[in-house]
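Chain nomenclature is as follows: A, B and C, assigned in order of appearance, with residue numbering initiated at 1 for each chain independently.
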Amino acid sequence: MIYWLDLIGTFVFAISGALAAWDKKMYHDIFGVSFTAFVTSIGGGTMRDLILGTRPVWVNDSRYVIAIILGVIVTILFRARFLKYRRSIFLFDTLGIGFYTVIGLQKALAFGVHPWAAVILGMISAIFGGVIRDMMVNEIPLIFSRQIYATACLAGAALYIGLRHLGVEQDWNMVASIILVITIRLTALRKGWSLPYLEKK
Amino acid sequence: MIYWLDLIGTFVFAISGALAAWDKKMYHDIFGVSFTAFVTSIGGGTMRDLILGTRPVWVNDSRYVIAIILGVIVTILFRARFLKYRRSIFLFDTLGIGFYTVIGLQKALAFGVHPWAAVILGMISAIFGGVIRDMMVNEIPLIFSRQIYATACLAGAALYIGLRHLGVEQDWNMVASIILVITIRLTALRKGWSLPYLEKK
Amino acid sequence: MIYWLDLIGTFVFAISGALAAWDKKMYHDIFGVSFTAFVTSIGGGTMRDLILGTRPVWVNDSRYVIAIILGVIVTILFRARFLKYRRSIFLFDTLGIGFYTVIGLQKALAFGVHPWAAVILGMISAIFGGVIRDMMVNEIPLIFSRQIYATACLAGAALYIGLRHLGVEQDWNMVASIILVITIRLTALRKGWSLPYLEKK
């Protein structure tokens, strides 16, 4: 189940990355779109695996590369439809961070990492691909906007750790935590929530 | 002793990172400030550990995460005072690069690295967190300014290698090298020193 | 042979990085030029080695650091001549991506990586140093320009995989693939080739 969720996450993140590419002029050729999709979808998991000291999954398993290529093809074929509804990017990205947070957290725990570090690694899995993407195109990463974004990942990861302590069965725990990340992100944007602003005094 | 110096370095770098966050509007919420503190304080050591092929220390030892959280709390509580004296950022950052250069160098040597590479890894430990921070917010990293910054780290690291060859006892060597980094950095800024400028001819 | 090609690649990439430094004001001091040369020439190989889970070569072998220092010295001594012919940067960079693509690909295959991932890792070896360099100075990386750049690396890497399947002897295969990368890059620039542009529709 984790394996397939991870592949689905790779696929939706590739779509979100490729779609984001169209917001930038310099991205419009096939290589630029594919490279952006690739970095967005494997950047976070690769950073997590490097920190855990294990080889990133896409290196030995060609299905991840295939999932990214499929994501790019789907985006190219249906981009008119996707871009019409601007929320498509947002939607695929939200699904992606939900899946990746929980998968990343779980992998980190399986490697015997301290639970606090595992929460951070879950968040890194989810957001780091987007951070690298934004850094490459000289944008301030989304995580520094006033939106609730990485905070949703942290909340979902914390829920997972909590339910795990309470002995909740793993599959249910995963589903619940993924839903929490997605719900917080969607609700925050709809209601315009943001974190408290720290005045300079 | 090395362990505690490392924790102190993490703490002061977290303060310097969190303070730097206030110079940017997009950083003013709690997550932005904490994330900047985190990246600034663990970025360099993490890069060093990845290159050495070992798991970064903060992953298995929660004290590092606690040191960062404490740094953020201290910054939030006392930020009015810190920001009043603009040099606070500078001071904490200077302490941080002094500690991290020598700790990073020592760790690299302990892993059997070539001394020249160890000097470079000491410098990377000290400056890379700040480089990533600056890249994320689209600033030209401080190391490319005309100030003496990374050069101070290289000088301190070279001193350590030299004294080690002469058989100086490790603790004294560490203290001397840390003091050299800090002294060069402070004096260079006070006197306006800079490296020779290479004309295009 | 691979070892010496790798050192030559390091040397020419150091020259290309140091030359690129002169295009930016903030780079003109000795440290800035050297650091840019260092990042440009070892960035790609380091990222490849981290992903493969092996220690980057420059950490244990001082010849790489020496090759970079030589590259910087050569650049400083002859920069008037290099900069006069603007194509010097371009030429050294093109040689560099040719060598690095094939060496990176070969190393990845030697580590038992899936051929598709090996092709990607060959490309990463070649282009990632330049990507980091461009990110540090807030430029959109060259790979996102409309030029044929990373695509040339991918083509050369694909040729290598193909000829290897056909049983072509390794040394000939390397030479052929390196020449293909360089030829595509040179021809594309001369003829103004670019990848198809994907309209928004």
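We adopt the following convention: contacts are C-beta pairs under 8 Å (C-beta built on N, C-alpha and C of every residue); 3 or more make two chains touch, one makes a residue touch a chain.
Chain identities (UniProt): A, B, C = Trimeric intracellular cation channel family protein.
Just so you know, these numbers come straight off a predicted model, no measurement behind them.
Undergrad: Draw the chains as points, connect those that touch, then say whether the picture is a line, ring, star, complete or other.
TA: complete
Undergrad: In terms of residue numbering, is the interface formed by subunit A and subunit C classified as same (over half shared) or different (under half shared)?
TA: different
Undergrad: Between subunit A and subunit C, tell me the centre distance in angstrom, where each centre is the average of that chain's C-alpha atoms.
TA: Here the centre of subunit C sits 29 Å away from the centre of subunit A.
Undergrad: Specify, in ascending order, the residues of subunit A that touch 2 or more different other chains.
TA: 50, 53, 135, 138
Undergrad: So in the complex, the part of subunit C that touches subunit A is made up of which residues?
TA: The contact residues of subunit C facing subunit A are 50-53, 112-114, 116-117, 120-121, 131, 135, 138-141, 143-146, 150-151, 194-201.
Undergrad: Can you check the complex and tell me which residues of subunit C touch subunit B?
TA: Contacts found on subunit C: 22, 24, 26-33, 35, 38, 46, 50, 53-56, 58-62, 65, 76, 79-80, 83, 135-138.
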